[in-house]
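Per-chain numbering from 1; labels A, B, C and D assigned in written order.
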Amino acid sequence: MRLEPDKLAEIEAMRAQQHLTRRATVPALEEILGVPLPVLDHGFVRLIDYMGDDAAIVQAARVSYGKGTKQVSGDRALIRYLMRHRHTSPFEMCEIKLHVKLPIFVARQWIRHRTASVNEYSARYSILDREFYLPDRELLELVRVERKAPAAEQARLFDLPAPEAQATAAQSTTNKQGREGALASDVAAEVIRRMKRAAETDFTLYERLLGESEDGIEGFGIARELARTVLPLSTYTQWYWKTDLHNLLHFLRLRADPHAQSEIRAYAEVILDIVRRWVPLAFEAFEDYRRHAVELSAGAREAVRRALRGEPVDPAALGLGRREWDELVAALPELGQMPPRP
Amino acid sequence: MRLEPDKLAEIEAMRAQQHLTRRATVPALEEILGVPLPVLDHGFVRLIDYMGDDAAIVQAARVSYGKGTKQVSGDRALIRYLMRHRHTSPFEMCEIKLHVKLPIFVARQWIRHRTASVNEYSARYSILDREFYLPDRELLELVRVERKAPAAEQARLFDLPAPEAQATAAQSTTNKQGREGALASDVAAEVIRRMKRAAETDFTLYERLLGESEDGIEGFGIARELARTVLPLSTYTQWYWKTDLHNLLHFLRLRADPHAQSEIRAYAEVILDIVRRWVPLAFEAFEDYRRHAVELSAGAREAVRRALRGEPVDPAALGLGRREWDELVAALPELGQMPPRP
Amino acid sequence: MRLEPDKLAEIEAMRAQQHLTRRATVPALEEILGVPLPVLDHGFVRLIDYMGDDAAIVQAARVSYGKGTKQVSGDRALIRYLMRHRHTSPFEMCEIKLHVKLPIFVARQWIRHRTASVNEYSARYSILDREFYLPDRELLELVRVERKAPAAEQARLFDLPAPEAQATAAQSTTNKQGREGALASDVAAEVIRRMKRAAETDFTLYERLLGESEDGIEGFGIARELARTVLPLSTYTQWYWKTDLHNLLHFLRLRADPHAQSEIRAYAEVILDIVRRWVPLAFEAFEDYRRHAVELSAGAREAVRRALRGEPVDPAALGLGRREWDELVAALPELGQMPPRP
Amino acid sequence: MRLEPDKLAEIEAMRAQQHLTRRATVPALEEILGVPLPVLDHGFVRLIDYMGDDAAIVQAARVSYGKGTKQVSGDRALIRYLMRHRHTSPFEMCEIKLHVKLPIFVARQWIRHRTASVNEYSARYSILDREFYLPDRELLELVRVERKAPAAEQARLFDLPAPEAQATAAQSTTNKQGREGALASDVAAEVIRRMKRAAETDFTLYERLLGESEDGIEGFGIARELARTVLPLSTYTQWYWKTDLHNLLHFLRLRADPHAQSEIRAYAEVILDIVRRWVPLAFEAFEDYRRHAVELSAGAREAVRRALRGEPVDPAALGLGRREWDELVAALPELGQMPPRP
C-alpha cells in the first residue's frame, strides 16, 4: 500500500489535532486513530472515530447516572454474563467508524451485513485509480487446496449424484496440480501474470472510454457510470463504514472464520486487533463465548452425555449425519477416540 | 376470550372466501387462517397471512427457477445444514402476519424485536375496551417461586454486598409464604382480588375523564391520548405484527425460553404451534439446533474434553465461574457426577 | 425534576474527568455532557456521548483521508445539497447517545422508531420509583382543545356516518367545557387531583404486592415482573437510547410536529436544542428542507401553477379533497385568497 | 434474454400448479407469477410470491378483525390519507418476493437498500454463465449526454475551482462528440465492440483459471472464489429479493427517478408495472404524493407565496442558490416567467 503525499499530509493534519473531551476515551485507540493499517496489496483499514469503551457497556446495562463502573472485576463479570446470555443490546452502545480500501469482490461480501452505515466512493461521478487486487503466490497455492471442501459441500446440497467426486473434479483435475493440491510455483506465477495482464487491459480500456488515457491517446468520452462496467471485480474501491460493537462482533465471527474467503478474512483480522485495543473485556468474552465456543445440537449433546457415561455412541441413531459428526469430532477429538462405536 | 358478534361475523366472512393461487400454499395453515387462538384471559393470536413454506427456503437457497425442491429428503438435509451453519438469509424468505391481542406490559417486551412491522390500535384516537389481564391463581403461585433466581442474579450484577441473600429477602420475607415459596391459595385469591379492584377503579376513572361512563354520570371530556395515561400496564391492546421466519425463530428462542416472563411465553407457545404447521422441516431443525442445543464456551469445551479423557475437571482453573458451571452441569448432568473434582 | 444526592455525585464525577482525544469534538456539546435537562414534571434528557460533527458529514460524503473540510462555506453548501436531495447516508455517520427519563406512554410512542439501540431500566428485576406524570393545568386545557381534530379525522377514516360531528361529541359534550373547548380552571384542577390519587393508589398496591411498603405494613412478596402490571401508563421509566443523526432527524420531524402528542413533543424540543449545538449546519438545513418545507402533491402542484398563471383553481377538479385543500391553504394562505374560484 | 429448456420447464411446472387459499389474492398478479419479464440484454424480473393487497393496507391501519374493507371509495381515501401523511407502517404489511437477473454493477446499487432480504447466486461455489451486459447504441448516445450534469454537480461539491467547465471537460473533450454531446453512430458501435471484446477476453481467462474452457484446452484449476475476480462488473448475477411495499416504493422513488443510472431504472420500470397490478390504489397515491410531488423548502415556499401575491421574487434574498432555484423553476415553470425579478 502506498499513499500519495497529499493524502498522507491530510492524515497527518488530522492526527496532529487534539481536543479535550468529557467522553469515554481509549488511549490505545487514540494511538492508531487515522493511521492506515495495510491489508492485501493495496488495501487498508483506518480507524476514523469511536464511541464508548468497556465501561460504556456496563453503564448502559445498568442504566447508570455516572460511568457505571464500580470496579474492574465487577465490570468483567457483567460483560461476560451479558455475552454468555446473549444480552446483546448493551454491546450496541459502542460504535466505530472505519475508512476501508478494499477490492470490489470483498466489498460485495462485506455489504451483506445490513446493520451498518456506508458511504462508498462513487464511480458514477469519480474516476477510479488504476489499482486492482492480485493474490500473492503463497495465498494462491493455499487457497486452492482449502477451497475444495466447500465446493464439494455445496454440490451435495444441490443433490448432485456423486457430489464429492464431481466437485473435486470441477476444481482440480489438472496435471499442473502438485502434491496435496498445491500449484507448482511457476504455474502460480503464470496465473498471477495473466490476472495482472487482464486487469491492466481492462483499465486501459476504461481510461480510453473515459477519454483520458495515460499515453495521451484520445478517448471516447463515455460517461463514467458506464465506462466502469468494464473494470474487473478485483478493482479497489473505498468506503466509510460505521457500525456498533454488537454487529461488528457478528461480522467478525463470520468473516474471521476459517470458512470465510481469505481476502475478507485479512480485513477481519486487522479489525479484531482494533477491537482488542478498544474493549479488551468484551473482546475476551467474545473469544471465549463466541469465537472459540462450540454449539452442541440436541443430538450432539446426547452423544456427549453417552460418552461421558462410558456408553457407546452411534451417531446415526442420534440423528447425526456424517458431516455433523465430523464437525463434532473436530471440536471434541476425544469423541472420535471413544472405544466401542457400533 | 370472548368476541363480539360483529367481530365474529367479520372473521367468518373472511374465512368463507377462497381463491385460486399459484403461490406456495400450506393446507395446515389455511385451516386456522383468521381463527383467534386464545392466550391468557382475554388475549389471542390470529394468523392473518403467510408467504412461503419449507420449499421456499430451499428455493431461495438454490436461487431456483422453479419450486426448488428436488425430493423431500434433500430439502430436509439442506434446511438442517442451513440452520446448523446459521445461513440465515433463506429463512428470511418466509413471512408471516399475525393479529395479536395482548396486555401492554407484554407488548412492551415484544416490541423490543425491531425487525418486524407493527400497526397497533391507537389509544390516542380510539377508546380502549375495559379489558385487563389478571394472573390466574396457579400461575401466581408458580411465578412467584421461579422468579426469585433472576432477581438474585441481577442483584449480583449490580455488585450488591451479599446478593443472593438480599435479593431473596426483597421478594420473599413474609409469613404469607408457604412451602417452597408458594403463596397460600387464599392469599393468592386476595392478591388477584386487589389487582382486579385497582384495574376496575382505573378504568372507571378513564371513562369519567373521557366523558363517557357506564353509569351515565357525566365525565370531563379529556382528550383520549391523555385520559389513557391512568390505565394500568395490564390493559389489553392489539396489533397487526408481521415478520420473517428467521426473525420469528429468534423471537421464539428468547420468548419461549423458561427465563422469559410467563405471560409472553404463553404467546410464544401458541406461535410455536403455528410454525410447526407452517414449516415442519425448519421447525424440526430449529428444535434440534437452537432450542435444545447447548453452547460450550472455550472453558466449557475444555472441561468436556478433560472429562471425556477421564481426567479431573477443576472449573475455576478453566475460568468457569460457579454460575456458568452450574448451567453446564444442568445441560450435561454427567459432568457433575465425574468422580474426582479437586 | 429532582435527583438523589448519590446520582448527582455520580454525574459530577463523570463530568469532572477530561481526556485528550484526536476525535471530532464539539465544545458546545461538551458543556452539557452528562447534565440532566429537565422535561415534564419528573423527566429529563441527558447527553451521554456523541460521535462526529458537521465536518464528519462532509468527510464521509467525500470519503476523505483527512477531516474533509475545505472551508466552512463549502461544507455548508454540501450539507444543504445532501439534505435537499435526501442523500441520507452521510448523516448516518454521526451518532448520539442519550439517557432519558420518561413516562411509559411516551416510551411506547418513542420505541416505534426501530433504527436505534435501547437499554431500558428493567421492572422485571428492579423496583420502580414512585414517580408518575401529571399534566399541568395549562397543558390540560390546551391539549384538550387541539386534540379534537385528530380524533375527528380518525373517525372519518373509519367511515363513520357523520364523522366530524360524532367525534367531537365523543370528546366534548359536557357542560364543564368553557368557550372554545377549554376546561374551566377549577375543573382542570379536579381532573389532576383525581389522576394523582389514582396513581398514588396504584403505587401503594404495587408496593404492597412486592412486600415492601412505605408505612411498614407487610406485603405479599409477589414477583416484580407481575406486581408492576398494576402501575399506570404515566409511571416513569428510563433508558439509554442511541441513534444516528439521520434517524434522529426523522424522529424529530415526526415528534416535534404540532400533530405529535404534547408530552413527546416536550422531549423532541429539548433534543432539537442539543442538535442545534451539535451540528449547526445540518440543523439549519433540516429546518429549511424538512421542518419548514411543504410538499405539493401532483394535484397541489397543478393548483399552484394555475394560480401563478392567474387562472381560477377548482380543487375538486384537480383531485384535491377538502382536507388536502385546507392543508394546502394553511401552507400557502395566498391560494385561499385567489379571486375567482368556481 | 434466453432461458435454457430445463429452466423453462421448471417455470412451467411451477405455474401449472394452483391451490385454494383463504389469503388475500390478486388475480392480476397471478397471471404473471413466475414469468420472467425481460430487462436489458440478458436480465429479467420474475415475481415469485406476494402477501397482501390494497385491502390489506386498510386492514392493518384499522387493526381489523375481517378484511378491513368497507367500500372501495373508503379504502381509496384512507390509502391516500396514509400516503400523504407518511403513515408508512400499513404499507409495510404487504410483501413481495422477486427473482432478478442483473449486472453486478446494478446489483451494487440495488443492495444499498438495506431493508430487504437477499439470496444471491454464489460465485464462490458455482460457476457463472458467460453473460455480460452491453449497452445498446441508442442508450450509449443518450446516457452520454444526460450524464454530464451530475458529474459537474459532484465536481462542485468537491469545491473544484471552476466546476461546471472542468467537469464537462472531464467527460467530453473529444472531437468524436457530435452535436449536443451525442456519439456518432459508428463511434458508438466501436465502443460497444471494444466492451464486448474485453468482456469476452475476461470470461475466457476466467474459464481457463477454473480449469474449464470452451475449446477443450486445459486450465489452471484455481478456486472459483478467486477466479471470478477477473470478471468485469458487467457480468450478470441473480438473486431472490424480498421486501415490503413501503420499502419497495422508496426503492422505486429513487431508482425510477431520471437521476438514477439508466440500467437500474430499466428494472425499476418493470417493477413499477408489477406494483400497478398488485396494489392499484396505493400505486395511484404513490404517483400523486411521491413521484409527481414537489417539495418546497422554507425559502421556496416563501418565493411561491410572494409570486402568488404578485410581488417580485429575489431567489438569493430568500437563501435559494442558483441550482435550487433552477430546480424550482423546472417544477413550477410559471415562477421563471414572473415579470419583474430584480
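The rule is short, and it goes like this: contacts are C-beta pairs under 8 Å (C-beta built on N, C-alpha and C of every residue); 3 or more make two chains touch, one makes a residue touch a chain.
Only a predicted model underlies this, so the values are computations on that prediction, with no experimental measurement involved.
Colleague: Would you identify the chain whose Cα-based centre sits farthest away from the centre of chain A?
Modeller: Measuring from the centre of chain A, the most distant chain centre belongs to C.
Colleague: Which chain pair shares more contacting C-beta pairs: A-D, or C-D?
Modeller: Contact tally favours A-D.
Colleague: As a quick test, compute the distance in whole Å between the mean CA positions of chain A and chain D.
Modeller: A distance of 30 Å separates the two centres.
Colleague: CA centre of chain A versus CA centre of chain C: separation in Å?
Modeller: 39
Colleague: Averaging only over C-alpha atoms, locate the centres of chain C and chain D and give their separation in whole Å.
Modeller: 34
Colleague: Pull out every residue in chain B that's touching 2 or more other chains.
Modeller: Expected reply: 61, 118.
Colleague: Which chain C residues qualify as touching chain B in the complex?
Modeller: Residues in contact with chain B: 103-105, 107-108, 111-112, 114-115, 118, 122, 124-127, 133, 135, 140, 143-144, 147-148, 150-151, 154-155, 170-177, 183, 187, 190-191, 194-195, 198-199, 201-202, 205, 208-212, 218-226, 228-235, 261.
Colleague: Would you pull the chain A residues touching chain C in the complex into a rising list?
Modeller: It is residues 3, 7, 9-11, 13-15, 17-25, 30, 33-34, 48-52, 56, 59-61, 63-67, 89-90, 92-93, 95, 97, 99, 117-121, 238-240, 242, 244 of chain A that touch chain C.
Colleague: Show me the residue ranges of chain A that touch chain B in the complex, using the header's touch definition.
Modeller: Residues in contact with chain B: 61-62, 70-71, 74, 77-78, 80-81, 84, 157-159, 287-289, 292-301, 304-305, 307-309, 319, 321, 323-324, 331-335, 338.
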